[in-house]
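The structures considered in this document are given below.
Two complexes are shown next, each including chain A; its partner changes from chain B in the first to chain C in the second.
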Partner chain A sequence: MAFEYAPAPESRAVVDIAPSYGLFIDGQFSEAADGKVFKTVSPSSEEVLSEVAQAGAEDVDRAVKAARKAFEKWSALPGAERAKYLFRIARIVQERSRELAVLESLDNGKPIRETRDTDLPLVAAHFFYYAGWADKLGHAGYGADPRPLGVAGQVIPWNFPLLMLAWKIAPALAAGNTVVLKPAETTPLSALFFADICRQAGLPKGVVNIITGDGATGAALVEHPDINKVAFTGSTEVGKAIARSIAGTDKKITLELGGKAANIVFDDAPVDQAVEGIVNGIFFNQGHVCCAGSRLLVQESVAEEVLDALKRRMQTLRVGDPLDKNTDIGAINSAEQLARITELTEAGEAEGADRWAPACDLPSAGYWFRPTLFTNVTQAHRIAREEIFGPVLSVLTFRTPAEAVEKANNTQYGLSAGIWTEKGSRILWMANQLRAGVVWANTFNKFDPTSPFGGYKESGFGREGGRHGLEAYLDV
Partner chain B sequence: MTGRYARRYAHVVTMPTVPAFGPEAAARLATMADVTASDTALRRFLHGLPGVDAVGLEARAATLGTRSIKTTAKSYAIDLAISMIDLTTLEGADTPGKVRALCAKGIHPDPTDRTAPKVAAICVYPDMVKTAKEALRGSGINVASVATAFPAGRTALPVKLADTADAVAAGADEIDMVIDRGAFLTGRYLQVFEEIRAVKTACQRPDGSAAHLKVIFENGELATYDNIRRCSWLAMLAGADFIKTSTGKVAVNATPPNTLLMLEAVRDFRDAVGVQVGVKPAGGIRTTKDAIKYLVMVNETLGEEWLSPHWFRFGASSLLNDLLMQRQKLSTGRYSGPDYVTVD
Partner chain C sequence: MSEKSEKSERLSVFKTYKLYVGGKFPRSESGRVYEVTDSKGNWLANAPLSSRKDARDAVVAARKAFGGWSGATAYNRGQVLYRVAEMLDGRREQFAAEVAAAEGISKAKAAAQVDAAVDRWIWYAGWTDKIGQIVGSANPVAGPFFNLSTPEPTGVVVVLAPQASSFLGLVSVIAPAIATGNTVIVVASENSPLPALALGEVLATSDLPGGVVNILSGRTAEISPSLASHQDVNAIDLTGADAGLAKDLQIAAADNMKRVLRPRGAKDGDWSADPGLDRLKAFLETKTVWHPIGV
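Take a look at the complex of A and B:
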């Protein structure tokens, strides 16, 4: 008799989603000026979760004005006073973490194990970390009394909705800026719950404004003339458009864009842990991770062994209900993203790569994609060059360390890379050669608020996290 | 490394897997004779095994520990765990009466519920084997005896062999031996290998059958994960039927990561040599929650083939009562408490 895990669903009762949400401007929820709304659905069931306001240019203007008005007092507060609010927000996030984890799983489709054990602890950690910097800005290496920039317009993606919000808002507020943030169209809910947390924390009105909407809303925000700073995380295509639109203005900008990271496994790697790292690198968060290890570069002499072990491990991945505590891989975030993953994997097959996926049942409703592996991939294949942003791994082999470096760097991106070897000197040598903002050694997809994160080349510029993350929000 | 050996010995692995205690295992192990031919060859082989990244291993064990096992799955896991227990008493103060009480408990663990499964074995010192054997007659429960100067193993080889032969002659079905940690840690691998082989021979009975051999590493004294992986291969090459984490007599005993590592080793050994070996974590596993974490690790590392008392055991004493209390909770909906299980 097999050991079958009975369903272990996390209760939905801990989260109370209202039928509709307005825009959070100047400490108040209000409808869009033109009354437009859109629906947000749960990608695992296609159930409509709520209706949210679609902000137009007029609403964006109102939000920026509110942030501008709040800036004067907020930036004049002593750092220790701003820190108090940030510490308070961090503690409320911790207190409400179960509710927020369930909400995030519902709206995004990612498994509760990840929202509970990764997203929410990191969200709180970011606020705690930057709360600590608020009264120490003079010691951050940017002068004795660095000044904030003003109003920050922030546009975040759907893959880690609340975590990306934390990455953006925590350093901005610590440095004394006020913000207007637009969450992604498919995942607006956790940001709206965060607005409620700001009220709960007694944050002064207008310091944080949340406006929901689509790409047009985002464009209106970054193009608003009274914004001092643009921070964007998302696709390279949109990032380029933003860079073009603000060219010639004095707005400061940070972009955190796509990636096509190489996860490099040498023949002396700790094989079992490397396999875990490969799985965590590409199947974590359904592969919806800009720094995902989507290209596996494995040394020829161990390629067969590593692939056998990887396939064996992939067969134990549990795909299904995001709210089940035993789910490893949840739903693809949207029909649009599913279509893109499907198109690219079909191109992979058409171009001659070999496709493999473990047998597993997928739910009938919602958007799902099996964890997939491509072997016999060459540098010329689309699946080795374009960001798939899904649970799809392209496997290439290499013979020498130099070849590994050449292949790893042969990409338009440069966000992250992974090295697996028991040899310390090789780790250091490789890390110096790799053109990537983050290089993980014998681990992958590990995040910490103290560590700067950002890209080379078309993966963007500017750093988030750590002391470096303050620079993006200070006038230096 | 293991994969390379798997290919090298492809002719072996295309045959079906055989149990370590079966008659065909010796022939499979003989195919690996080249790596155990000399101390140098053995060292080269053991040190050529892939390294273990401690952080990654511990992270994997922790993640598996977050599996949520509820309702029917929990009920299945509890009964499975009970059936895998080597119910143990290894105290200087053991008396025949205590051993008989433990045996009675092993046969019917829950006096209020006869559907509770029996345990796998009763584990005692060699001088108690006869008592246990008599008390367990006809029950289908094995008698396991520690031997080879358990727990420190600090005697000469002839004494260890006599200790083993004595327990086997008294009727022990299983022998839990300890390795010479001093020899292992100073790199005298072949000495450890030969010692295990000698004890395995001492496990044979005159009728040609043999007591099953569990080899205890004392992971807490081996100190590094690399050592535990090497020791696993060493013991399996020498003919261990089971590999066992610890004696329960030192500060660090079975932990989820060190057991996971041994599970990976038996998996790789089966792939490379075609011989199936069992695993026994011992010491420190006291709660149902802990036991279920271990079963989840077995399930997701080795799968169904190892989910039986033939291939996985818990060396434990207090674990059984917690499993019984949780079992009563599932069947009655109420927690009973320690007064409703037997204290021994």
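Take a look at the complex of A and C:
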């Protein structure tokens, strides 16, 4: 049976979006040198939220110069002082978390339940965690007095805009670097609000610079000769281009790229828990998650039972208004991403996989995609190999643990994996065999600032989070 | 007896230097060799001039060996590395002679290099079962979860050995990579490959499973591009590449996101210095495992 829900929207009144935003360079907002701007829209309504500056090469250069100038004093500050700035930021994020959650849901399209309960708490926690490292770097295992790198050029994706900003800026600043950060073209607003948090925190000007723009802006930033560090989260394709562009330089680099995680369900797993884990694994954040459990590997003997339960569960998922507190699946972030998901799912059908999606109404405006699963998928199908980055699950089966390992590892990626079984020794054996940076056993899509995150193989290199995350921003 | 007057000085037996791939000693499949001379230009030996096909064969051997070597216990890897040091120690004079000829240094200096190389194997042998405790961590996440980060080997690693330090430098780049469970394809010093090829003979008698270390001799610039772009190689150490080649190889390596250890300038010059943990950490991945805690 289906429950009827009355609308329960979160109020938009808590956030005040200006009609236009400039670039945040050297502690001030300013227009792009050539005056170019672009619009950011709400993907759930296609409403224009604001107009932001499109940074060109000249603006990138100005931002890098500001960061370079600020570096001398910032890196010379006692760690305890840097720590206090970061603690201030963490606290202000907590204070303004409702405003930021609503803003993020508006600009990104993700459900308020997730921005409120996952993104924002993790953002504050990340700053709080790395704040504490700033005056303890000599205890981190990188020598008695590890030095910062200098200016970090950071380019982040649209799927967790403010959280990815936190993952980049918090460790960089704690280690004594200054940063120029470029948020994604489709989700610039929370980073610009973060600029205001820097102002409230009294952060010295030039320590954090936020420049908005598209891929060309990002390329100009990572290729700028006066940055010392490149940190990028995004597609493997762009990551490879960045890796090529820094060849022959001294720039240090960390890349957090795509994934095609296997979520492996054994016959002894509790079905209801596993189904919740499968749903969380692939439908969390509309499947716009690099570590999403996008390949379900289910043991043949329980495949039918698991799939029946999964389909029942998928029929209860609520797709719609991101600001509605009952919404499970929000809007697809952009028309471009929707087109990519559509193209890949059509290829799935064309290649012979069976498509299924629950009946559900979709809003008339905005970008939407029903939660979808494919059965009869082979390892050669594009939907089993390529990252779809949407609410689409490809189901494969296996008979033995060895076969599960072989299929799970049969990918260019290696970011994450899931294991569902009651048998402890099997969990540990599987965890050893899987070539992935994060392994969730009997859980999925859990994140914590103390827990290193990052991939094997073409999912990138370097780790974010934990003590390991400091290494990326230290000269070691 | 007339025999005494007829006896001439004994003619020495030359060694045929061969590659070391998959635990065997093949010649180059290309049938090619190149002339190796000492620092004064005197002929020492003909070394195999490896082809790209030899490089690909070495990758296959390294991949085949990876599961067993990375899956061996750290204690076992330490035992094997220590055994390498034991075998080397018994052949110090041979290596000292080869290093002296290769690098044009005195016998005494060469002997010191070999001693340092033996000691370095022992140092790294002792690291196999400790590095995980140094670089891993138990993470106090804000929730009821067990959360543990442990290092794992990156996989198949191509090592361009230092061009100048034919033995101490060579050992200093191989030992840390295999201590942590990687398998390697080593491209020996182009002009001084003989100590590296002789090392293969030591490794073959040291309980090291075939394929864990594969040694190629030849032109670095000829062999390395196909290794840098090989889709089944996970990492590349560019120590033995000059700046121009290193840049090209790094670009090629990006195609499957190989981990790249760039040439490190002065740091790569003095192989007698304390190596620290840099090279042990260079080819490790961090794996983090979560599990709920509950009754």
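Here is the rule we go by: the second predicted complex is superposed on the first by the 473 of 476 C-alpha atoms of A that agree within 3 Å, B and C clash if a C-alpha of one lies under 4 Å from a C-alpha of the other, contacts with A are read in each partner's own complex, and residues count from 1 in each chain.
Everything that follows uses one rule, which is that contacts are C-beta pairs under 8 Å (C-beta built on N, C-alpha and C of every residue); 3 or more make two chains touch, one makes a residue touch a chain.
In this text, all values refer to a predicted model and were calculated from it rather than measured experimentally.
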(request) Scan A:Gly153 for contacts with chain B and chain C and give back first, second, both or neither. (result) neither
(request) Please name the chain, chain B or chain C, that touches the greater number of residues in chain A. (result) C
(request) Have a look at where A:Asn442 lands relative to chain B and chain C in the superposition and call it first, second, both or neither. (result) both
(request) Applying the touch criterion given at the start, work out whether A:Arg113 contacts chain B, chain C, both or neither, answering first, second, both or neither. (result) first
(request) For A:Ala431, select first, second, both or neither according to whether it touches chain B, chain C, the two together, or no partner. (result) second
(message) With the touch criterion stated at the top, can you tell me which chain A residues are shared between the chain B interface and the chain C interface?
(response) 442-443
(request) Could you pull out which chain B residues touch chain A in their complex? (result) 1-4, 6-7, 50-53, 55-57, 59-60, 66-74, 76-77, 80, 264, 295-296, 299-300, 304, 307
(message) Help me check something: in the complex, which residues belonging to chain A touch chain C?
(response) 125, 141, 236, 239-241, 243-244, 247-248, 255, 257, 412, 427, 431-432, 436-443, 446, 448, 450-454, 456-461, 463, 466-468, 476
(request) Going by the contact rule at the top, pick out the chain C residues touching chain A in the complex. (result) 71, 134-135, 137, 139-143, 145, 147, 149, 154, 234, 243, 246-248, 250-251, 253-257, 259, 278, 285-292
(message) Which stretch or stretches of chain A touch chain B in the complex?
(response) 1-8, 113, 117, 268-274, 276-277, 302, 304-305, 308-309, 316, 325-326, 422, 442-443
